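Take this structure, written in structure tokens, and hold onto it; I'll ask about it next.
In order of appearance the chains are A, B and C, and numbering begins at 1 in each one.
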Amino acid sequence: MRVVAAAVCTLVLAGSAAAAGDPQHGKQLFQTGCASCHGLDARGIRGRGPDLHGAGAAAADFYLRTGRMPLDSPRSEPQRSEPAYPSDQIDDLVAYIGSLGGPAVPTVDPAQGSVSDGQRLFAANCAQCHQIVGRGGAMPGASIPTLLHATPTQIAEAVRIGPYVMPRFGPDQISDGDLASIARYVEYAKHPRDEGGWGMFDIGPVPEGMATWFVGALALVLLIRVLGKRAGE
Amino acid sequence: MVGGAEELIRKAVRALDERLGSAPLLKKTLRYVFPDHWSFMLGEIALYCFVFLVASGIYLTFFFKPSFQHVIYHGTYAPLRGTEMTKAYESTLQISFSVKAGLLIRQAHHWAANVFVAAIVLHLMRIFFTGAFRKPRDINMWVGLTMLGLALFEGYAGYSLADDLLSGMGLAIGYSVLMSIPVAGAWLAALAWGGPFPGGEVFIGRLYIVHVLIVPLAIATLLAIHLAIIVRQKHTDFRGPGRTERNVVGTPLWPSYAFRSLGLMLGVVAVLFLLGGLFQINPVWLWGPYRPDLATNGAQPDWYIGWLIGALRLMPPLEIHVFGYTVVPNAFFGGALFPLVVFGFLYAWPAIERRKTGDRARHELLDRPRDNPWRTAVGAAFFTWVWLVFVAGSLDQAVAHLQLSYVQQIWIFRVAVIVLPIVVFFVTRAICRDLQRSELHPLDRRPTRVRRGPSGGFETIED
Amino acid sequence: MIRWLVAAILLLFGRGKPEPPPTPGLPPRPTHPRAELLALALLALVPGAVVVFAVVYFTSANTQLLGLTLGGAFAFAAAAAALAANRILPQDTHVEERPELDHPVEQAEVEELVAEAGEGVTRKRLLVLAAGGAGSALAGALVLPALSCGPDATKILSESPWRRGRRLVDEHGEPIAAHAIELGGTITGFAEGADKERMASSVVVVHVRPDELDLPPERTGWAPEGFAAYSKICTHAGCAVSEFRYPLYDPTSPKPALVCPCHYSTFDVSTGGHRIFGPAGRALPQLPLEIDGEGHLVAAGDFSGRVGPSWWGVRKS
């Protein structure tokens, strides 16, 4: 039952991706776009934004490419949106933050993972928040994003850094091989096997209840309306 | 060909009559009159859903294995290969993927359950708002309400059998609500489960026999009583030309009504098969197997249990304990007290109304909702209350998919379930009174004729 | 195309038959040739759809095509029946008298008949009382076998596999190394050797900073190095309390908590599992932890309270 992880270990430290950016240009971008919360030296400003020394390229890549940073206000919840910077500028920013130390951007190859291992790992570690096929969910104090738009790299980054209020999982708990399996399952779950017809977003009984009333019951009420008469007819 | 058929009919009628003396009864049956209003067929939808549920359910029993024995899955669905699961869940996967037309029947069965309860609820509302529960039919309303309660339980038992993640989470909540019953709860839960949660072979065996035999048998018996009482009392009717408290005006069973009903039966089956083939319901393979330490976000029951999860979620964290004894655990309020109040209100309503109006007469002609503004307003407020609690059960989906804060919404709903029914009461009463005055049809605004009366005032003329 | 041809032929044959002579004294029934033609066409579609259904069944067995063809067959038949009922068959309106439900004479007779049973009985009340008592006793006797349905509840609810020295294992049965769980991480643990499915078996371990903890004084040392364990079964309705939120940057984020995804009861992991939101009426029981010589997580005793949903005696035992 032990996940056969070591054999399919695919994560490699992707120094090359970070090296593509220009840390000097990244620093300039940082000082205009990020310094109001994180400070000119990226040491953080108390109550506004954390020290980014040690955050690493992984965190910068995750937050910038999913459009979660920059925030409108330090207290608002980071949520996925269109990235604020073009891709090459994100490369520069990631290179700059990476130069301050911390984990590099992980590389993950879902093809090396196993979809059934991924399903079991996802059910045990992720489904309680992200829903069993990754459609997102609820939690008091935060909203939990859908994984429909998450790339395998972003999934690996999120697992390792624990963005916002998400817990963090190190390689001794979820190995790099496990991570590939999780990424593969999430890719599968974006378009799961909807054998039964229209999946209605794969979120369970709420749309099923709506279809019960607005398709099934409505059609039958219309049918009896045609078959029967109105008062006084 | 037609002549041959006539000969056949003659022979059959004679043969039966000579042996059973059935001709007078047959004649009476064929001439049995059904009033024509479309809303009188809501209950018939539920009837045909029940027939469909029994037939499709029998088919499913040929393949389903009610067992909590653990196996490793080696079937065709790749994401679960190698996963440990119970035979109950494995056989549900097999019905879905390996039995030809198995998924169609399984899904149509599930849709039939959903539509069954929806039709009963619509039927109940029709009965309530037209005053059809008044003497002599209060007794039949109680039979119907009991069937509704059994239908809810039957549906819950049905989707709990599959032992997927959602059904296991639902059973955990059901176990907790049973535990929460004051004094006897823990004892009752241990009796029902035959041991500690999640129970073993004994428990799923019990759940299975309850779902495939005991509750369906109870529903079928009550259904027979329900229909026998209707035949004895004959159907109600709306007021209209030639209609009195002493007669029934409408279409005879043969031939017109029989074909109308046949059309409805075929229509129900058509809708259920179309839903079952085109709209995916309860994709158990996506939810994965249940284990008490696993959970998925956004877990929901089927719609007809949604009002209970809503009540469990809305209830503030009150738990009454005296001298160390937990007199009322929290889950009791939402999971047991709330449905008791709702069903208690409905069972008691004929008596409540009799007490308020002092009307003890027999009623065969129905009220339109506007004819009794007080009843309509109370009913509208009551159904609004239950509906709001029901909607509160799906707020987590609203958070995930509409980006609304869960905590704020819970507070909004805690206020709304108290305030809105009161508002609805007064608004409904005002609308009813206004409609009574104007005599307009609420939907098509048919013009009415108004004439000046002898005293100089205006009055409307009924057609 | 062929179906339409068949329908047309049928129609011609049907028209060829002489109508029966009209009953004298009654106006002749109106005929509906167009509705009949439409009904014929619909009926002809039914076997067509069934044939396609059969073909699909024996080939791909695709659920959508099966549903479409079978549902379609029933829909055509339903439309034909509806057409027959409302357009083709005689649209007569009949009037029936309602039965009288009230029979005052018979009511009195029944009352008398029932009362006759008591004539000549001298100790009527005593006998009725005794019979009632006997009946209740018999009912009670029949209830007793029902008690065999389940074991003694208080016994099974007080069972716990946890005691000092019992190791925590993951779902594969491997002991859990404390260092494997990062700060802000979580893992599900089970009592080593116990049935994983029992409510008291599973715990959720969280790793927070030791300075974030503010446990009650009697629980000092229950969360070594910031590793705290709580029962995974919600005290409200028995679901798995498995959502763990841990802020990456606490000044701007909600504080660490465990949340149950069924009814969103939220428990504060820093203060010993107290409820901070949602319907739960009780704190989440905490399991005292130790880290053994090999760095594995080990229980230092039993839970702080009873595990699982509340019942009458949950605060007693």
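Just so we're on the same page, a residue touches a chain if its C-beta (ideal position, glycine included) is under 8 Å from a C-beta of that chain, and two chains touch if they have at least 3 such contacts.
Note that the structure is a prediction, hence the values are computed from the model and not measured.
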Tell me the chain pair with the top count of C-beta pairs in contact. B-C
Distance-maximising chain from chain B - centres being C-alpha averages: A
Chain ID, smallest distance between chain and overall C-alpha centroids: C
Using mean CA coordinates as chain centres, what's the chain A-chain B distance in Å? 40
Gap in Å, rounded to a whole number, between the CA centres of chain C and chain A: 31
Indicate the whole-number Å distance between the mean C-alpha point of chain B and the mean C-alpha point of chain C. 14
Residue numbers of chain C (touch at least two other chains): 63-64, 67, 78, 82, 85-86, 188, 240, 242-243, 261, 264, 277-278
Where in chain A do residues touch at least two different other chains? 1, 124, 128-129, 137-141, 195-197, 223, 227
Can you list every residue of chain B that touches 2 or more other chains, as numbers and ranges? 103, 107, 260, 263-264, 267, 271-272, 275, 277-278, 294-299, 396, 406-407
Residues of chain A touching chain B in their complex? 1, 79, 115-120, 123-124, 127-133, 135-141, 143-144, 146, 185, 188-189, 192-206, 208-209, 211-213, 215-217, 219-221, 223-225, 227-233
Which chain B residues qualify as touching chain C in the complex? 2, 31-33, 100-101, 103-104, 107-108, 136, 169, 172-173, 175-177, 179-180, 182-187, 189-198, 232-234, 242, 245-252, 255-260, 262-267, 269-278, 291-299, 309, 312-319, 321, 324-327, 329-331, 334-335, 362, 364, 396, 406-407, 410
Chain A partner, complex, touching residues on chain C are 63-64, 67, 78, 82, 85-86, 171-172, 174, 177, 179-188, 206, 240, 242-249, 251-254, 257, 259, 261, 264, 266, 277-278
Parts of chain B lying in touch with chain A, wherever the complex brings them together: 36-42, 44-45, 77-84, 96-97, 103, 107, 111, 114-115, 118-119, 122, 165-166, 238-241, 260, 263-264, 267-268, 271-272, 275, 277-283, 285-288, 294-303, 306, 368, 394-397, 399-401, 403, 405-407, 463
As the complex stands, chain A meets chain C at residues 1-2, 46-50, 74-75, 124, 128-129, 137-142, 161-170, 172-173, 195-197, 223, 226-227
